[in-house]
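Next come two complexes, and both contain chain A; in the first it sits with chain B, in the second with chain C.
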Partner chain A sequence: MGSDRLLVIGAGPAGLEAARLAASLGSQVLVVEKRDVAGGMPIHENYAALTHGFRDAGEAMSELISAATGHPNVELRTATEVTAVDGSVGDFSVTLSTGTGDETVDAGAIILATGFQHFDPGRETQQYGYYEFPDVITLADAEAMLKANNFVRPSTGEPPERVAFIQCVGSRDRQIGNEFCSKVCCGISSKQAIEVRQQVPDARVFIFYIDMRMYGYWENEIYWPAQEEYRVNYVKGIVTEILSKNGRLLVRGEDTTMGRPMEVPMDVVVLAVGMEPSLGTRKMAEMLGVATNKYGYIETPHGELDTVSTSVPGVFAVGAATGPADLDDSISSAGAAAAKAVALLRGAEVTV
Partner chain B sequence: MGSDRLLVIGAGPAGLEAARLAASLGSQVLVVEKRDVAGGMPIHENYAALTHGFRDAGEAMSELISAATGHPNVELRTATEVTAVDGSVGDFSVTLSTGTGDETVDAGAIILATGFQHFDPGRETQQYGYYEFPDVITLADAEAMLKANNFVRPSTGEPPERVAFIQCVGSRDRQIGNEFCSKVCCGISSKQAIEVRQQVPDARVFIFYIDMRMYGYWENEIYWPAQEEYRVNYVKGIVTEILSKNGRLLVRGEDTTMGRPMEVPMDVVVLAVGMEPSLGTRKMAEMLGVATNKYGYIETPHGELDTVSTSVPGVFAVGAATGPADLDDSISSAGAAAAKAVALLRGAEVTV
Partner chain C sequence: MSRAAPATTFAQRPGATLAPRAYEDVPYEEKLALWEEVKADPRFPDYLYGCYECGICVAACPSARFYDFSPRKIAQAAAREDVELIFEQMNDDVWNCSQCFSCDRCPRQNSPGGLITILREVAVRHGLASSQEALEGYGRVVYKIMTTGTQVSPDMLQPDAFPDWGPDVKEVSDQLDLWRRALPPETLHTTSTGWEVSEKTLLELYLIWHYSDVMDMIEEVDEGLHMIILDVMEETLEEAGYEI
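Here is the complex of A and B:
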């Protein structure tokens, strides 16, 4: 018995890349995606440009989708959910459900590419008024406006004069239980700040931060140009409250570098919401019995020398299903998991 | 004609992982390492524990070395340099030189895992006195002392009472031409600060930083415990000068949060030196004709959706050969490159 098919759950960047590479290595790959279309968050959330390369997200994802689905070894099923899993490494039995019924397929290995969801800024951070003020938006809302080349004050439809980004909304926060850093929000906010300045050249843009985590090349590719070329104003500070006053937003907090309270009017406030494990990640982890950490992300218990193996033999996890991840992380880990899964399907030992 | 052998240049974490996975996928792999032993920087520089998991570096690397060299498809040649490369994808001809002579081997694809070197803190940063004061050391020097469980003032051999880490030495610095962030130094300094407190419980430890880039889980795994459990003192500040006074070091600069000058005595100062491309990375890039960026790192010109392909078909680059990288990055990109190289050797198209 046994199966040499690889099942990839999730058709975002990581799932597509894993599928494409495993197929290129000769495996039969079935990709299951619960949404109606492939492409993951960059497509679902209408990302404008990728971080860090500023490449058009739709175009880049189209290429990746074509590369994966165009491969004869890859079968993609959208609008399909995994509703049960039995068996173990080499011989999993997986129930797939669609609107029209259930089907059981076999798989020798499984890659979880079920990703993240954005922190809901209504949860326990009501001081930012996301559900109260239309001009308080999230990074995802801003992406969609930037993609449409229509970055405006939602309340008026007019271009904003003053835009603020507030970092670490739902991250680095013990009160809500997310002590981790979401890794990408500093870079994405800075990328968006540049795009706002490109699309609305008269707008002044502020980023209120604790630490600007512009690691590696994000520093020279995004952070320096944001400051020098696009005159984005970075303010080390803590925002405690957002109010509405005279038709504008009022951002209150403390400028920690200047050591003084601040109260500044803004037209649009973008909340840099962090990452949390998606519902799909939580569900699949439970269904497959893979260990998760206290945040609900899938654990890769072998440490930094094995970034994709989970606690269950034959089940790998990639991208943001294991924790905050940028696109480079997601693509690299997808490749690593493809290599390990295919090797495993051929009988190799792949865990250090 | 043509060759189905994979050549991996460099036997550090990334090279070993790439070799092991490509071998597990059925390829014949030759790993060439110019040093006398495999293991890369963690072995060569006597790393104590890995960041982020605090696992013993020697033990972890031994396992990885065994996994790679124990595979029947992997041949490792140490004390061997690549001195010439001819041909192109599918049919490279590579000259290997050892003390006893030259040999030419064929390879269908090449993975560059030639890594980084630490920034030399004597170069253009003489104000820190690395070559002047024995008690001014680097992260690498500190690792070796921590590994030996003998963290002392080099000038006296006694345990220090006050230890300071200075971040961004050789990084985020236009004057020396390294505008990038070296990504790992914040995490490694914080890991070492914890280890210093464990080994020398009476020592007070300070970290002077611009931004603490404790991305992802480094925040909750290292940064929070460093502050709460180990009482490491983080000071947002700029150090401008280190002097010797009354047998101690005097650290001068500005505490930017308090907005005032600071002048604090220290027994040991650890310079958090950044990454630069290794000599091997520069040499191999030139020999193979792969494009590099202005810092000398190997470019991966296809962006975030292809983290390992270089400008030359059939040549991949992994780990810190392409820029600042943590161990997770190196291991993931090694897996991705193994998958792509093996697929390429079998005739697949692997670049989006």
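Here is the complex of A and C:
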């Protein structure tokens, strides 16, 4: 006895988009979200403006949430976790748990949209004092301050005179185990650097980087304006350590293109933390038995031309559950997975 | 032998940036004022957008092959508004550029050579000791250009002045007038100037140098030279009815 319902796990941008599209194509969609509210990281982490179009994150996500949950074919359950999955393609049996009890539902296909979490900069070899110095923050911390239009030194509450971004924190690092590039941090740091200059015009802003990875239009829409209009200083060289001196932060590294060591004072240091698979992504992967790569991301093992099918038939993965992804990527993969899942539910043959 | 690069200092001033230790005795405000003057130049926005620090300009630069000189670092310091370093470059680096503008192949459409033009002009205008030193050997060339409108003249070709030009120089200089008259364009039948310059052209050049600030710049660099040039010019200008 099969089911023609689509289960989407995770109500972030990718999950909501997949649900909205599958519903528009006529399928019944159940979206399960473990947090109390839909919207994923942009809402949970208080993003200010989206990268790369600078659109207000709250406003953009509200539209997507309304579009998805407003569709008669979509049912959204928040504060609900998937705790068991049985069956196989066309006939999954899924146990949902809330604080008050369990319920079992059927589904013909599943889309995993369980996303990422930010790298914890206190981990392992990082010597940036995130838990030691209040003025060392992460991109997510900075988003929240920018959203409140109150970018200050956390230790004093005063506007900073000098702000530094350190790229690749928790990414591209064999010692940490995250050898991959997190793809979005260069763009987000540059976007935030522009926002800092807008909100604190007297601040000098520095970005310390290994390579600036500003793909496609990010180049001319974010990187060049940051440098040319907002006079953000890009310095090739990664900070080795952060110390405290005379009440300020002292960042030590090499100014590689100038060929000299540097020790410069800063008021706020923003760590451009990368992405890691979220706890939900890890748990769901294990529960569904889908293959993951060595970093814990869900594998889409069918090559470049199928970016959403997993190793388990009938289970698709989208967005940052499969690896670092920007919003454009997440939304695109959600569309691909929605189309494939709906086709599968209707009994159509979908080949890779 | 390359000297050790100075460490970037722990700059106490809030406005200071990745600062080297050179010229510590010069007040920061003085350096800043010079930089503000560079930025205020109307050509500046066309010469600097942002710098990738990619080095395409260095690879193209003939001076970079022979001197410890990098057009990248010039653009880079300007893009970073590194006031201390810019001052250092204004003193120690900009005179190594031959102003060939090979560096104009920049993907960001910067012109490091153009920046150097402005940096040099500001350095000269403010009589930086280094600009006086750098231009010391060029007094004769400046005199020639500004009084005759042409640069190196054929009669400067003397075997004792340029021994490295080889043994033929003597023969050519002995018969200079003949050799010059063998050239097809009549305007090149000259020995004391590079080519024939009409009185009208010369008058226009003198006026341009007076009404732009070139004469003031010369005075700032070399007062004696300024006086000699002024003498020559005044006569021509007075004859033409101009009072300077």
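To be clear about the criterion, the second predicted complex is superposed on the first by the 349 of 352 C-alpha atoms of A that agree within 3 Å, B and C clash if a C-alpha of one lies under 4 Å from a C-alpha of the other, contacts with A are read in each partner's own complex, and residues count from 1 in each chain.
Note that in this section contacts are C-beta pairs under 8 Å (C-beta built on N, C-alpha and C of every residue); 3 or more make two chains touch, one makes a residue touch a chain.
What you are looking at is a predicted structure, and each value in this text was computed from that prediction instead of being measured.
Greater residue coverage of chain A by touch, when chain B is weighed against chain C, goes to B. By the touch criterion defined above, A:W224 reaches both chain B and chain C. By the touch criterion defined above, A:G26 lies against chain B but remains apart from chain C after alignment on the C-alpha atoms of chain A.
Legend: residue contacts after superposition of the two complexes on their common chain; A:E161 is shown touching chain C, with no touch to chain B. In the superposition on chain A, contact of A:G335 is made with chain B only, not with chain C. Within the superposed three-chain model, A:I111 lies out of touch with both chain B and chain C [touch as defined at top].
By the touch criterion defined above, A:G259 lies against chain B and chain C together after alignment on the C-alpha atoms of chain A. Comparing the two complexes, residues 224, 236, 257-259 of chain A contact chain B in one case and chain C in the other.
Listed in rising order, the residues of chain A touching chain C in the complex are 161-162, 204, 224, 227-228, 231, 233-236, 245, 250, 255, 257-265. Within the complex formed with chain A, the residues of chain C that make contact are 5-12, 14-15, 17-18, 20, 49-51, 53, 72-73, 76, 79-81, 85, 108. Chain contact summary for the complex, chain B toward chain A: residues 13, 17, 21-22, 24-26, 50-53, 55, 60, 63-64, 67, 172, 179-183, 211-220, 224, 236, 256-259, 303-308, 323-329, 331-340, 342-343, 346, 348-350, 352.
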